[in-house]
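Note that subunit A is present in both complexes that follow, paired respectively with subunit B and with subunit C.
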Partner chain A sequence: MNEIRRPARWLYGTLIALVLLFVYLPMMTLVMASFSRSKFFKFPIPQFATNWYADVFASLSIRSFFWTSLVIALLVATIATVLAFFGALAFARYRWAGRKLYQKILLLPILFPQAVLGLALLLWFSAIGVTPSWQAAVFAHLVWIAPITTLVIAIQVYAFDPAMEEAAVDLGATRWQTLKEVTLPILTPGIVSGFLSAFLLSWANFPLSMFSTGADQTIPEWISAKIQSGYTPQVPAVGTLTMLAAVIVMALGGFAAWLHARRRAGLA
Partner chain B sequence: MVTTEAAAQPILQLRAIEKVFDQFAAVDRITLDIQEGEFFTIVGPSGSGKTTMVRMLVGMDKPTRGDILLRGRRINDVPANRRPTCMVFQSLALFPHRTVGQNIEFPLKIRGVDPALRKKRALELLAQLRLPDHYYNKAVTQCSGGERQRVALARALAFDPEILFFDEPLSALDYKLRKVLEKELKDIHRQTGKTFVYITHSLEEAMVMSDRIGVMNRGRFVQVGTPNEIYGSPTTRFVSEFMGEVNILDVTVGPDGTATDDVTGARYLVPASAGAGPCSLVIRPESLRFVAGPGQAQNVVTGTVYNEYLLGSRVQYQIRVGEKQVLLLENLRDQRYEGDLDSPVTAGWDTGDSMIFPKGLLQ
Partner chain C sequence: MAQATGIVTITPGQSARAAPEPSGWRAWLRQPGVLTALPMALLMLTGFVAPLLLVVAFAFMPPQSFSILQPPTLANFQEIFANSFYRSFLASLYLAAATTLICMVVCYPVAYAMVRVFGRVAGVLALLITAPLFVADNLRLVGWMLFLVKGGVLSGALQAWFGIATDSMLYTVSATLFGLVYTYLPFMLFPMIMGIAMVPLEMREAAFDLGATRWQVLKEVDIPLAMPGILIGALMTFILAAGALSEPRILGGSSVVMIAQDIQNEFTFAQNWPKGSALSVLMILVAGVLAVTLLRRIDLDGIFGRR
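And now, the complex of A and B:
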């Protein structure tokens, strides 16, 4: 009954192909631009080369931006996950006075334009005498990312039967044992996806970094700066590598989820 | 003499326990003794306070007032993880990230029991609950409803509790499986000799398994007794209705002890227990029978057969008396009514098979 009729199937196929094209064609252009020998972007590309990648890998400054981005993203993801884990339990599990208000206030920063949020943070930093730096950027990212991570983990918490914790306690487990043996393992998929999304959001973030990193620079900031002055195909090369990194992180996450599902199905 | 007293001491004693939520007493001053090795079932409709009660007994909630004594020791303030009791939850609360074996071993792992011993015990329990050995490595998420039920029971037995509580664990299962598991549970009770305290909303389920039943309503026990007492001599209309379908006639008992039907004006002989005044006369469908005419039963009514319902080994008839009264009559299948629908019939019952409860009494 649910089968799509033939002409409709054709239409669906075309539509899906168009959407994919629409989403991925620009990225393909980026990838192609990074392999162009010419310093300027021309289409079609007259001559392909990989020299810009060699330049990227040889560049000490790009390497330092990469490390800055990575360290910020890892710290943000770790701190956001820890905060979000307990936040999500408060958010989705326990009933307490003010819970509804907490849920709304927590989610509000997600909806603020990031540039405004970044500006607010910059003003706040200067008010309390904090010099913008990559450490300040970690804080700035957290303001926006921790609520999102909380939401991601809360979805898993909602699906968690609180009777399982009660059963663990009833069978003699202490609070700590219950957390370690029951709550954490059952929430692991949510925690992992929370961590990954936090990492990727921080890794790719430009507006908050722009206002908060000060003298330190992240990859997205470098890309933006280079586009305004001094474009070379190093920029699309770095862009391609950044995308690739995100894809790898996603793939690792997918692989972890697959392993987890397999273990749960008792095949391992 | 001290020894005999100790031996006779109930394993669990409730002393006027009360649980109040916002001035509403979910459990209202209940006093009860549960004996060692007993299968005690608490039956009640939803909202009767039975779940609140069991949560206090296992230590997940504290009574507002009153005392809970385990072998004479007050345990009100002992948290659930320090009590030698455990519960099979309504949702079973199996751990989905663990295998059947790991679920069963959970309480042993918590206690730091050696892995080899744990596995040995888990395999024993699998055998006891008639689950195959290879289920040890099976994911609980892959088990059927009945298997999950057995895993939950095995996990609770691995804890080796002094009292095992059950919070309606069978309610989500289909009828047939429920019937099988009720009997299995009673067999396990016999095998282990442990004290079982079981909660259900089904008196029928309670009848099958229990040594004693406490019928609960509005936070109190309406009647506590053996299944036979509950079935044979319910003390209130509420209990008599709770067992299943019954005929309830509104009657008025006169000073001579006979009752007048408020609807049809017919006169019945009723058990002497009721005083004069408005009463409910309760007659089980199986106590009603077709009779050839007056004189063949102590009380008779005449009406017509409106419909017939086959219930497997038994058969029920809906009898309409006049326009307003409907009675159910139940026979064994081999005693089927041979006449046509809508033809006049006489049905009757003996006074001793009916029950009478004064109205206005707390149900």
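And now, the complex of A and C:
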């Protein structure tokens, strides 16, 4: 085998580090900007303060946008996970006429620009008489997020041996019992990561929310509106808080995965 | 057994049984695959297929109309080409192509390093690349705005520490392109990682044993075998970048107008649904042709199901 030599290893390591720096640089800038005292952003920052956080916490409107975002994300994650659980079985587990077409149609919303999809949904909602609202946004998010959740769970389904289900059936389990006692527990890790990624994708979505929420507003929409009406350091402060929320959700997911792995190791 | 797992097979002999078996589409509908696919299929029909069909229908309606029950016309497309509204479309295609090319060149060595050199921590690295997608893209672009703006992190640091005065780096076509490369890099990197991981190590070893040079292995083994991943990445990057909305606005300062901005104007401020729809049809055509061509070539079970 061609062993990767030392200098090459260093070179590749540096490359990865640079890409990660590139990816995280704007987020680090936001965190830093949120602690700047002055109204206008200036670097190097003359004086650090937490006054913008106090502003954000005191603002009732920001609090309501936060709740809107949270409710949408929770509903989207829950509905997407239920749909995707069955959708993933149809995607990866069962063999049926029409499966290949179904797989492809499912990928199309992911392979389509979200802003254009959001605008098409805006037209569709007015044509069928649905007033844009946070409920409409849940539907709009689902169109894009449920297929992604399906793929996340499908990867787990591919790894799962159908013989387990057959064994349960041979031992006299009904179809429902098999689903509840065999299929569901085996797929739990995929279901949990599907739920969490759906939640986070909805939490961070801007292009679909923008055209579907109507009078309601989510946090990413608020950020966009603030940028157009003039920069305020509340933007990086709110941004830092949303990133913190995402990190906490990911950490919870990581903890769940660790617990699951430990329990499995304990059983073996 | 076949009955219990729900794989209903209809043979002529079965219809002679006491309880009549469902036949034709009913039997097809009863398969577990069809039953489990139904909710998602319904969502796709009502949330993706129907809205896009409505857009296509509206594209052929007379300008400024709000109903699809009128005689079809090509007026919107004529208007687009007569009044150079196609410019935003061409700008989008050009910027998307440039974005795809840059992302491809940058991501290949990075993906290669992640899979082949740092494979042991591949999971952590993949998570680090995915995590930014859980932060709103317009928020991350605001971060770049603060970094690149005059007096921001970059120019402020150059001025304060090195005494170099720089102009604003924002509100240009290159700033838009930069934003596009930034936003869509993970969409290229992730499929590429999957593609490269699909190349069997034995194949590379065999090539080396037979005297192939590194360059030959790259050209004849690595890239062709990783092609499904590379293609998915390139396609996703191209389509998503072509339909970008926030990048030209936040970093580009509308120095270049991309098609999604034009569509938004027509659908919202101008209230000209047919023209907005006609512009969307251009986007649907590009995305559709590319997606269908790609999806016909790759085996999804092979990509998501390999273990």
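Quick notes on this structure:
Everything that follows uses one rule, which is that the second predicted complex is superposed on the first by the 260 of 268 C-alpha atoms of A that agree within 3 Å, B and C clash if a C-alpha of one lies under 4 Å from a C-alpha of the other, contacts with A are read in each partner's own complex, and residues count from 1 in each chain.
Heads up, the rule we're going with is that a residue touches a chain if its C-beta (ideal position, glycine included) is under 8 Å from a C-beta of that chain, and two chains touch if they have at least 3 such contacts.
Source: prediction; values computed, not measured.
Once the two complexes are laid over each other on the shared chain, residue contacts for A:Tyr53 go to neither subunit B nor subunit C. In the superposed model, A:Leu201 makes contact with subunit C only, not with subunit B.
Contacts of A:Ile155 after superposition: subunit C is touched, whereas subunit B is not reached.
Applying the stated contact rule after C-alpha superposition, one finds that A:Gln177 touches subunit B and leaves subunit C untouched. By the touch criterion defined above, A:Ile186 lies against subunit B but remains apart from subunit C after alignment on the C-alpha atoms of chain A. Annotation for subunit A, partner touching more residues between subunit B and subunit C: C. Contacts of A:Val169 after superposition: both subunit B and subunit C are touched.
Using the contact criterion defined above for the overlaid structures, shared-chain residue A:Leu107 touches subunit C, although it does not reach subunit B.
Taken together, the two structures place residues 166, 169-170 of subunit A in contact with subunit B in one case and with subunit C in the other.
Residues of subunit A touching subunit C in their complex: 1-2, 4, 8-9, 12-13, 15-16, 19-20, 22-30, 32-33, 41-44, 82-84, 86-87, 89-99, 102-117, 119-124, 127, 139-140, 142-143, 146-147, 150-151, 154-155, 158-159, 165-166, 169-170, 175, 197, 200-201, 203-207, 211, 219-220, 223-224, 227, 235-236, 239, 242-243, 246, 249-250.
Subunit C makes touch with subunit A in their complex at residues 1, 4-6, 28, 31-41, 43-44, 47-52, 54-55, 58, 68, 106, 109-110, 112-114, 116-118, 125, 127-129, 131-147, 149, 151-153, 155-157, 160, 182, 185-186, 189, 201, 204-205, 208, 214, 235-236, 239-240, 242-246, 250, 259-260, 263-264, 267, 273, 276-277, 280, 283-284, 287, 290-291, 295, 300-301, 304-307.
Residue ranges on subunit B touching subunit A, taken from their complex, read 58-60, 79-81, 86-87, 89-91, 93-97, 99, 106-107, 109-111, 137-139, 141-142, 155-156, 159. Those residues of subunit A whose C-beta lies close enough to touch subunit B in the complex are 161, 163-164, 166-174, 177, 181-182, 185-186, 188, 264-266.
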